[in-house]
Amino acid sequence: MTLIAGPLLPLAALVWPLLLAGLSVLPAVRHNAIRLLPLAPLPGLWLALSGVDGVTSAPDLLLGVTLALEPGGRILLGMTAVLWCIAGLAAQPMARRPNAALFAGFWCLTLAGNLGVFLARDVATFYVAFAAVSLTSWFLIVHDRTAEAFRAGRVYIVIAILGEVALLLGLILGAQAAGSLAIAEVAAAIETPAMGLLVAGFGIKAGLVPLHVWLPLAHPAAPVPGSAVLSGAIVKAGLIGLLLFLPPVSALGPILTGLGLAGAFGAAVWGLTQANPKAVLAYSTVSQMGLMVMLVAAGGATREAVPYFAMHHGLAKGALFLLVGVALISRTRWQRALCLVLGTVTAASVAGAPLTGGALSKAAVKQGLEPWASHLLSLSSVFTGLLLAWFMFRLARLEPSGTGPGWTARFLLPALLAALALLAPWALWQDWTGLEQGYPAKADSLRDAFWPVAVVVVLAPFLARWPMPTQPPGDVLSALVRLGRRIASARPRPPGKIAPQFRLPARQIAPSALEAAFGRWSNAGTVLLLLIPLILVLLLV
Amino acid sequence: MSGVTLYALTGAALVGTGFFGLIAARHLLRRVLAFNLIGSGLFVYLGAAGARGGEADPVPQALIITGIVVALSASALAVGLIVALARARGRAMLPEEDVGG
Amino acid sequence: MTALVALLALPLAGALAAVVLPHGAVRGMVPALSVAMLAATAVLVAGLSAQAPTRLKLGQWPPPVGIVLEVDGLAAALIAMTALVMTAAALAALRSEQPAAAGARAAFGFWPLMLLLWAALNAVFVSRDLFNLYVGLELLSLASVGLVAIGGKPEALAAAMRYMLFALVGSLLYLAGVVLVYAAHGTLDIGLLADRTPAKPDALALALMTAGLMAKTALFPFHVWLPPAHGSAPAPASAMLSALVPKASFVILLRLWFEAMPDRAQDGALVLLAVLGTAAVIWGSLRALLQTRLKLVVAYSTVAQIGYLFLVFPLAGGGSAEMPWSAGAWTGVLFLALAHGLAKAAMFLAVGQWMAVTGSDRLDAMRGLATAMPMTSFAFALAAVTLVGLPPSGGFTGKYLLMTSAFAAGQWMWALVLAGGGLLAAAYLYRPLAILFARADAPGPATLPTRGMQAIPLCLAGAAIALGIASETPFELLSIGRPAAAEDGS
Amino acid sequence: MTALLPLLLLLTSLVPAAISFFLAQDSYGLRNALNLGGALLKAGLIVAMLFAVAGGAVYETTIPLAPGLVLLLKIDALALLFVSLSAALWLLTTIYAIAYFGTKPQQSRFFGFFSLCVFATTGIALSGSLISFFIFFELLTLSTWPLVSHKQDAASLRAARSYLLYALPCSTLLLVAIVWLESATGPVLFDETPDLDALDRSSQQAIFALFIVGVGMKAAIVPLHGWLPSAMAAPAPVSALLHAVAVVKAGAFGVVRVVYDVFGVARVTDLGVGMPLAVLASATILWGSIRALQQTEIKKRLAYSTVSQVSCIVLGAALASPYAVIGGLAHLVHQGLMKITLFFCAGIYDERAGVRDIAGLDGLGWRMPWTSACFSLGALGMIGLPPLAGFVTKIYLGIGALQAEAAWVLAVLGASTLLNAAYFLPLLARLWFREAAPDARGDERVPALVVPAVVAALAALGAGLLAASPLSPLGWATLITEREYLR
């Protein structure tokens, strides 16, 4: 009986963060636990970069753990690892905040789950990882212990658990249909109802409309590094789920397309009503994830390229969130200027400005997309651009709250992420599209990428001049919040009658008067004498 | 009507009377007397039963004598009890039957 | 053989000696006598061969003239149970000062009456002659009445008198039946009656004897004399009366219906007996629920438990004889009788000790006694387990056998009676138990009985449990000389 | 020797019980040594047997009572699953109880009846025949009563009374069922399914119903669950015993025996009684959770959660498809581990912090980190969150439900997960995220209380993490199912 077969590295990539999580509760480590965070994703990063390949299986763990990595997973794994690593660095200033150890511990747990969803190749492991990433991230959200953090956390946990249940039931149905726990077979055998449950589970995580309601609350509520990983990496768990399980041709395809588009545009519009730049970013995430869901549903080469698209979005979104954190401590004009420049560049990339990583990722997914869809994609770039322009305005107006040492160091982190977002797509272009390196620089692709930006540049001043009315984050939420409140605070009710009281109606049945009548000898004697003929008769018949 | 039948009928009559007294009477002493009546009636009947076929059957005699002894001792104990009860309660009756009269 | 004689002669001689000897000497004699009786019982049971019951023709006279004593499994088992209960009661009476405290007459009367009772019981168990049984029965009644009256209190005297009336009439009815039988068949030996040529008066005779024995067994509705009698006797006496005396008349009923005149047993009559038994179970239990004096609770539970015994008639008698289930019913009911005897004696002895401590047998006076006297309380609990019929206990084995045969016979209503009766028993025994084990609000009593004293009821209750745990030996014992009417067809 | 093993297993609990009764209150050392020794010895015996039985060995002892009343003790895989659970938890609970009672009065009585309970449970596990099962089942009923009423205050006595009030009628019905059955088939042994064709269909169904009522009461199946929450008046170790080691487990185990060894899957399906039972179990699962949601007392809430959790085992048995069986059997162990953790912790909160109500948990997490961590693990496991033991069961039950073509069960599982989350997560939130009341106290200075909780929690975690390994509860359940029920 082999304990572990295949390469050890994938398993190590998951176990290492867990070890660090365990380590961070030790009294000796507790006070410097935050220092461990950058180290946690390193094995995962190494796994993504190194060519380590093949299937790892640990038959004794869970229901038999199987881990493997194919291109889509690898690129997302790499992005996730990088983002977590840099976010971990960005989290260093939190070291002296209260409950740092708790934050570190759950950070590592979430990370392990997040890496796990990309590696898992059996249903049980995938479910474990998915549950880990979605439930433990609750601690990242509520870490600041503010009222709105708790509110967001409550909404999040309720919806997340609903998602878990849907996911579990879907996986069970799938596993039963496939007669196996291997994801590949489940994906091949799964039927539409089960897939519907899975889509619900994944959609919640991926912020798919209308399951996204938690996201605009939760992402801003978390500390900046938390928001970065939530919005950049963790949402991708839902995406990989769709990529793994959604059959190439599914009855759900049109629905997903519709919901995705609704999210892509609706969230972009609603985001314009947000004052808090982090909330704006959150809505941009909803919008971007909507796009990706739509692309997954489109299938074919587009679907193949979605990881490539997601990688860029993750890096860029991480950069923007970290940038908000930096802007909060930027006091000098230079610092603020640098922030705005970096923000604009990254935003432009997300909007798909020519020659940026964003443009490449959009170009990559556009091939194999029907014309109407690719036009919609370009149109969505306009909305994204406007939303991010609005984000830049809000960022520019952001009042620096605290100061912190090492502004430069902290500025370099989003800068690094932004650079990766801009350049990494170039590096991977040929592997992922099979087109020659020069393609993005071609005239028509430039034009294709340019006109949305142009429109944005034209419209942005109007947006700045006449902003949309401000709205609180969270749109279709109030009903859910009430539900969440009710569930979270079980009102005391008078306990029902537990045990019936013990009352035999003996007093009615066995009155002493009757007993006394029996007791009177004359009666008893008469009965006795009457009994004789009775018995006699019975004996003779 | 042979003597045997006469014996038997007498016995039956005694038993009947005895049972009536035993049930009707409330004074305990009467009941003891009724009890003895029944006993005597049974013994008479038994004696008659022993006289089947002319020749004397020893067994009934033995039984009757034993029975009389037993009945005597029973009566003795009963009377003793009645006396004790009468001393304790003032009347030779069972409490539940001691109503008025 | 000698053992059998000893079992009859020793207690008689002891009774006479107890009358003449001074009190101290009697107190010395009783334990020795008990030991001797136990030894004799052991010899008797050991000597009982599985094939044939031991028979003893007095003076070598053959019946019908001579009198036959016969020890079958049933007799042996009951004799053994009697020996155990009697010994325990005797020890308890020796150690407790209760009889002496009740006055000179009590101290004087207790031992002779007790030994007389013992002799009478053994005589009834082994006699095979209807008239002999009558004598034994009468002796039994007189001794019991004496034991009830021994307290000397007015209610005790009244109770004794009431008991006396039932007993006398009962034995008279029985005697009437005997006379009829003799008139019809010229013999009273059960063995000879079994293969007699049926005659007309048989039915009347059986009816008379049954009615009389019902009155003596305190079957509902003739139970009313029992609770006051057992309730007002001194505890050791109550133990004997409740555990043993009803069994004697019940044994005679068995002998009549299963050995002497099984051919007479008509289903209607058998069902009537069982119906009265059912009524006894229900009524006795309900009454027990209402009592506020512990002794009365226990006494009424005897009324209920006697009811079970009469379920044997439709299951093992008459038309259902020679059926595969009748053996089970027969043995089961005897298990119930034995278990009830042991458990009930244990209960009364425990109650006696509590009364000695608290000075009353009111239920509320017993609050929290379990802390002060854990052993007796535990004994009471074990006895309750047997009476309720929970495993592992003799009561359970008996119920199981009876219920199985009831279902097998398709007469499931008797099984329900057994089940429901168990629940009722649990209900009325729960109250004393809950009170015993409740927290004592007053400090525990100053003087407690010695551990040895407390151990007596525990031993009896333990025996009742052991009867269920090691039920194979008693089962085999009981199947020795089982009447053909209760033999399974296979 | 092998014939003696079952007896030895019984004696390891019986002897400490018997001696404990006669020990004076102040002979702590001897009493503790006795009970611990017994528990350790038993655990050792079981570990020694595990591999032999996994290899197919079967130990058997027969004690004839009356004809038709044969006390048959048999250690097969299923028996060993249950007995090893109860033995392991007995060891933990003994340690816990010794620390819990410290120098409180009437310990001889407590430990006596406590070991007696475990003795009865072991007997139930080892019973190879219906009648021996019933004998030990009743013994359990009786030996539990003094434990429930241990505190001797009004509440405890009421609780104990309601316990008997439920237990005795139900066990009477159980006896009726057994007698009815055996009067037709003769003594029923578990290893060959009896032939019930002597009985007509409707009486077979009636007997099944009687059986379910009889054993279901101990498994706290609605509407026979009322005694369990009120039994919370008992001390914490007793609750642990009731909920994890002995009583409800015996009930669930009984259901398994009845369905698989008395009637057999084929007959249950043929009689069409499996699905009604499944429905009943599902109703219990939901009702228990809903009632739990309404409780404000920690132990009450846990009690109702037991009501709902134990029915998962029943559900598995009722569905009677391979995966459902495995899931149910595994849950027998999983639920035990998780629930005993929770009760240990609840007891610690009560003892060390004087906290009984949920409201009192505010901020305790940081004052009592170990306890609260264990409590959280147990709660999350109950919700069925991976990788704790609970989720394994859910997956297997779900697949099993589909195998049995009862897809509606999935909805039940989902709903129960949500309800579990709804009544457990607020507790965790209070523990970790509320501010403690200014006058709040609480410490963990008694390691003997905390260590058992930690061990149990880790076991619950391990049972999930290593589910696929052959010696895990799941692996063992699979072994049983393959060996016994898929023949």
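As written, the chain order gives the labels A, B, C and D, with residue 1 at the start of each chain.
The rule we apply is simple: a residue touches a chain if its C-beta (ideal position, glycine included) is under 8 Å from a C-beta of that chain, and two chains touch if they have at least 3 such contacts.
On a predicted model such as this, the values are computed, not experimentally measured, just so you know.
Visitor: Count the smallest number of chain-to-chain hops linking chain B with chain D, moving only between touching chains.
Guide: Minimal hop count between chain B and chain D: 2.
Visitor: What is the identifier of the chain with the smallest separation between its Cα mean and the overall Cα mean?
Guide: D
Visitor: Using the touch rule stated at the top, which two chains are linked by the largest number of C-beta contacts?
Guide: Going pair by pair, the biggest contact count turns up for A-D.
Visitor: In whole angstrom, how far does the Cα centroid of chain A sit from the Cα centroid of chain C?
Guide: 79
Visitor: Can you give the whole-Å distance between the Cα centres of chain A and chain B?
Guide: A distance of 102 Å separates the two centres.
Visitor: What's the distance between the Cα centroids of chain B and chain C, rounded to whole Å?
Guide: 28
Visitor: Between chain A and chain D, what's the gap in Å when you average each chain's C-alpha atoms?
Guide: 37
Visitor: I need the residues of chain B touching at least two other chains; which ones are they?
Guide: Within chain B, residues 22, 94 contact more than one other chain.
Visitor: Scan chain D for residues touching two or more other chains and write them down.
Guide: 161 - these are the residues of chain D that touch more than one other chain.
Visitor: Could you pull out the residues of chain C that touch at least 2 other chains?
Guide: 162, 165, 169
Visitor: Between which chains is there touch?
Guide: A-B, A-C, A-D, B-C, C-D
Visitor: Touching residues of chain C toward chain B in the complex: what are they?
Guide: 64-65, 131, 134-135, 138-139, 141-142, 145-146, 149, 152-154, 157-158, 160-162, 164-165, 168-169, 171-172, 175-176, 179, 182-183, 186
Visitor: Would you tell me which residues of chain A are touching chain B in their complex?
Guide: Spelled out, the residues of chain A in touch with chain B are 516, 519-522, 525-526, 529.
Visitor: What part of chain A is in contact with chain C in the complex they form?
Guide: Interface residues on chain A, with respect to chain C: 502, 504, 506-507, 509-510, 512, 515, 518-519, 521, 524-525, 527-529, 531-536, 538-541.
Visitor: Can you tell me which positions in chain A touch chain D when the two form their complex?
Guide: Those in contact with chain D are residues 1, 59-64, 124, 127-128, 131-132, 135, 142, 145, 150, 157, 161-162, 164-166, 168-169, 171-173, 175-176, 487-490, 492-493, 495-496, 498-500, 502.
Visitor: Which part of chain B faces chain A closely enough to touch in the complex?
Guide: 19, 22-24, 26, 94, 96-97
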